[in-house]
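Pasting the structures here.
There are two complexes below, and they share chain A, which is joined by chain B in the first and by chain C in the second.
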Partner chain A sequence: MSAAATTARLPRIAPQWLLLAPAGLLLGGLFGFPLAWLAQFSLTPPGTQPALLGPVTLDNYARFLGDAFYLERILWTTIRVSLLSCAIAVAIGYPLAFWVAQTRSQKLKAALIAAIVCPLWLNTVIRAFGVMLLLFDNGPVVALAEGVGLPPLQLLYNETGVVIGLAYLAIPFFVIAMIGVIEQIDARQVEAAYSLGASGPYMFRRVILPATLPGVLNGFVLIFCISIASFAIPQLLGGGKVPMLGMLIYRTANVSGNVAFASAMSFILLAATILSLSVVTIALKRAAARR
Partner chain B sequence: MAAFRKPRDPGRLALSAFGAFWVLVMVAPILVIVAASFNPRHIVFPPEGFTLAWYGKALGSENFVRAFLLSVKIGVVAAAASAAVALCAAVAIVRYPFRGKEAIVQALMSPLLIPTVVIGLAIYQAAIMVGIGRSFLALVIGHVIIAFPFPLRTIMANLQGTDPSLEEAAIMLGEHPVRAFFKVTFPQVRMGVAGGALLSFIVSWNNYPLSIFLSTPEFAPLPVEIFFYLQWQFEPLIAAVSSITIVFSILLIFAVERMIGLSAFTR
Partner chain C sequence: MTDSFVSLRSLRKNYGQVRVLDDVSLDIARNQFVSLLGHSGCGKTTTLRIVLGFLQADCGSVLIDGRDMTDVSPRHRGIGMVFQSYALWPHMTIYENVAFGLRVRKVAEPEVAARVGDVVARLHLGGLEQRLPRELSGGQQQRVALARALVIDPPLLLLDEPLSNLDRQLREDMRLELKHLQKRIAQTTIYVTHDQDEALSLSDRVVVMNRGRIEQQGTPQEIYYEPRTEFVARFIGKATFLDVAIEAVDPGGRARLRARDGTPIVVERLRQAAGHAPGDRALLAVRPEEAVLVPATEPGALRARVVEHLFLGSVYRYQLALADGSDVFIDSRGPIDGGADAGLRFAGGCLVPKAPA
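So, the complex of A and B:
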């Protein structure tokens, strides 16, 4: 056994711990410590300098969570905009994933997946820029809307722009997650239902929807967590006017210089992320156990 | 997979039209950037003319060239470091039994769970505290942390497919365990290591919410430089810079596709 041989040469420390040491150092020292230091910041009384194990207060959290302005204007805007954009992403992504999953030609399917995933490999700033070019006042989308007789649209530097941008970012994630789920539906079950005379809508409601619903929830929570933390989209497509948490953390720390408050906001964002992830995970586990 | 719908279903046709439309929409912003970079004067789509002048300006722009090179440098160092750390950790996890393995794997994957903005602020404050501030070192540390789970995943997957007995035989025949690993097992997981390093490079290459905390106007990786620029100015130059970045990213995608397959990033 290689473990025994290694231990003989490196006495006392078992090889697995030696091998894990760099990762442990990275995660503990270079990741865990900054997070702990940030926690200390968030607990530092306003107006004082943070110190390791210094005085502790919940004032920064209370200021955010106790103020209707922050709750409504920032937290609720963040959640509302994210929910809306994720709902749009699901409404587009679900049928899209369906179409891609049942494409018969493997070559075409690979090409479609590549086209959908392609934006994921580019950085968010560039994707936001591309969406901006489409949504401009004198851009193609506005021109098209005017062409069909719609009133002039303002799609940029407001909430609409942020919702469109976030949905655009979310669709590829959701589609990729769903294709795997849809491909796992038992095709025999579907064929059996058809041969027994089931109609399309009936089939969808009784066979396909129940089989894909856990996947939809998983995909939704994934894109929701990405959306609530988004930074480039509200800054660029919202012109900085749509107050979302991710963007405000940066601005509060770097423009206003209030690091303590930005830290508290960071942990509130983190809590929102973990909370939404665990709610869905627990719900899915319960549902699976019931079945 | 068998088709779910009966053939010649009108619903199927509608679904195809819907799907084709949205696939086009997904790539449209990228195509629009490339098209807009050929504009002679103003940044508009559809373009008003055709010129390659902005590409010349982009390649001659000190700021963008500097940002490009900085991004490459950070990416290479972060990729090498995270692949090396991930290789060690993956060997420990796959090859050795120990208590709390599940929890350790979860902890190692945790940077994927935490919003990058939060990691950025945390590293920035810690960097100020220890006196390195906004520096190359701080940027590399941040990028290694967010990139590390990707090579860990690819290398673990590759290691699980290897047989430890050959390596053990080499050790029993007197080879040093470390050398035995690199002679026997490493060649089998090489693609996972290289692919993982490449994914790390892409994570670093694309990162912006973490980098922005550790950048200054004179010292910014490419995505941050583009972001700063987009906030104040709007000329075809930025479309040309973005197009060059897009081409570079597409080359990286092809490399990943060759090495480990495209789903590695999103799984």
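So, the complex of A and C:
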């Protein structure tokens, strides 16, 4: 009895919360706190140096959301270019990931994964220059297109260039995310479908696609977040003529020095990201449920 | 065999330098339930995958209903397959899992519903149709896998260790259920297992495999009581093995043998003495239930010493040692009275050739 009474009087701090403390502190300190600070910036009057206890205003948000130029020209371009480049990355990355995941030879597989990952060792700017060399007006891709009789292509300093560049950037991330997902598919589930008479395409549609769809979604979220926030690629491959929000935020903060407006645009970008991803997720899940 | 429904003809398969199947030939009659029994790596799963069509044999062929399957893709073989891991599709409901094979065949939905309902009821899965596989117990998932294979009325059903992922009690229940089911549907079935109890209790015929070869095939009784090789005798059930020389076998089956140290051994009814002539050396295999304990003083009894005993529930299993040190295992209904000394008689036994050393 006395032992039970003693136990009951012990302080009730659930140990699982203590275990979360290091991660919580890290996330709070390195992510939550700066975000809160940025939120505070975004509420200070435009053009002023942000002060901790200054006046509070929604002017920065009103300026962006009240202006068709920002909404249509900037925000919509950002979302459209990101969605398009990520769709292309998925279209290329999905079969690529299959190919790598199903490679029997472990050595060849390791080599393929290394080849896919090694661009990530380079700085984004350097990779962007690499893509520019390919897409140049007199570059190999344009020459090849002309060689097969296509009209002269303009692949650089426009939206096409930015889409290609962002897709190129996103493919390694997507492939790496998908390889694990595809490797986890139980080969017996595939064989079960075949043994019941399913054709290759039927099996793919009913077994592989539903099994990999959550992975595709996760991979898409990952690369979409990278694409929508990018500023180096639209700057370099778009020649500054494709106004993406990330680029504009960079310029507003670092060139114009309007930190308050840049902060507000950062939150609008965050909201746009969450909103776009929600729409994509819901749409994909609806499509999957309908089949 | 003229009436064989499934024929494996001289199947061979190598993985690199490793020979996994070596001249496997097997005939299975229509509606027969055949087990491939062996340790892991004996080639039984390889054989199964060749029959399924997911693996090509290096040479040899598989005939189903007289038709060579070599160039027939797995999807056109129409074989019902139950995988060890069940391989249910996790994103489909039980109903969708079972209906898959019918929908592939473009069966009209009302008929799909009727046939799925029928097989679901037969396998006691009623009420679970709208659940997902992960919401079911292991035994239920196992039955769904069986239902999914049976719904297409396959001419041949293959089961790959279907009970090995279940715990003991459930495994025995499912074994009985499979036996009932097998009687009702009379389906040609190949059953792959490493569990001799499953093989012996379910099969019309047991095929014991070892190192890519068929060691012996026969009825469960033949396999158990008349093993033709030391491997089969050791693999199936428990037995005492004694290195003996044959002195005489009379027509009634009574055999006089001699142990290594010269001690005379009498086996009252020796099964399968054919092929062994007086003077030959062989291994005497005696099942624990064929050895009988008698008072040490009884004339003609082998003298033995009790070494250890195990209580197995229904019987006590005694380990005894003969004078020359060899072990003898005996099952006894009750504990043995008396001291460490006992007498021993062999009511039955069989001879197998000594495996080359």
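In this text, the second predicted complex is superposed on the first by the 231 of 291 C-alpha atoms of A that agree within 3 Å, B and C clash if a C-alpha of one lies under 4 Å from a C-alpha of the other, contacts with A are read in each partner's own complex, and residues count from 1 in each chain.
Following the convention adopted for this analysis, a residue touches a chain if its C-beta (ideal position, glycine included) is under 8 Å from a C-beta of that chain, and two chains touch if they have at least 3 such contacts.
Because the structure is a prediction, the values reported are computed rather than measured.
K.L.:
In the superposed arrangement, which partner chain does A:30 touch: chain B (first), chain C (second), both, or neither?
P.N.:
A:30 contacts chain B only, not chain C.
K.L.:
First (chain B), second (chain C), both or neither: which does A:172 touch?
P.N.:
Only chain B is touched by A:172; chain C is not.
K.L.:
Who does A:211 touch here: chain B (first), chain C (second), both, or neither?
P.N.:
In the superposition, A:211 contacts chain C only.
K.L.:
Which partner does A:181 reach: the first (chain B), the second (chain C), both, or neither?
P.N.:
In the superposed model, A:181 contacts neither chain B nor chain C.
K.L.:
Given the touch rule stated above, what does A:125 touch, chain B (first), chain C (second), both, or neither?
P.N.:
Once the two structures are laid over each other on A, A:125 reaches chain B alone.
K.L.:
Quick one: is A:155 in contact with chain B, with chain C, with both, or with neither? Answer first, second, both or neither.
P.N.:
Neither partner.
K.L.:
Does the superposition put A:194 against chain B (first), chain C (second), both, or neither?
P.N.:
After superposing on A, A:194 lies in contact with both chain B and chain C.
K.L.:
Which of the two partners, first being chain B and second being chain C, lies in contact with A:259: first, second, both, or neither?
P.N.:
Touch partner of A:259: chain B, not chain C.
K.L.:
Go through the superposed model and pick first if A:231 touches only chain B, second if only chain C, both, or neither.
P.N.:
Once the two structures are laid over each other on A, A:231 reaches chain B alone.
K.L.:
Using the superposition on A, tell me which residues of chain A are in contact with chain B and, in the other complex, with chain C.
P.N.:
In chain A, residues 191, 194 are touched by chain B and also by chain C.
K.L.:
Which of the residues in chain A come into contact with chain C in the complex?
P.N.:
Spelled out, the residues of chain A in touch with chain C are 186, 188-189, 191-199, 202, 206-207, 210-211.
K.L.:
Note which residues of chain A are touching chain B in the complex, please.
P.N.:
The touching residues are 1-3, 5-6, 9, 14-17, 19-23, 26-27, 30-31, 33-35, 37-38, 41, 92, 95-96, 98-102, 104, 112-134, 136, 138-140, 168, 171-173, 176-177, 183, 185, 187, 190-191, 194, 200, 203, 208, 225, 228-229, 231-232, 235-236, 246, 249-250, 253-254, 259, 262-263, 266-267, 269-270, 273-274, 277.
K.L.:
In the complex, go through chain B and note every residue touching chain A.
P.N.:
Against chain A, chain B makes touches at 1-6, 9, 11, 15-16, 18-19, 22-23, 26-30, 32-33, 36, 43-46, 84-86, 88-89, 91-93, 95-96, 98, 104, 107-108, 110-111, 113-126, 129, 141, 144-145, 148, 152, 164, 167-168, 171-172, 176-177, 180, 202, 205-209, 212-213, 223-224, 226-227, 230-231, 238-239, 242, 245-246, 249-250, 252-253, 262-263, 265-266.
K.L.:
Quick check: in the complex, which residue numbers of chain C touch chain A?
P.N.:
Where chain C meets chain A, its residues are 52, 54, 73-81, 83, 85, 87-92, 100-101, 104-105, 148-149, 152.
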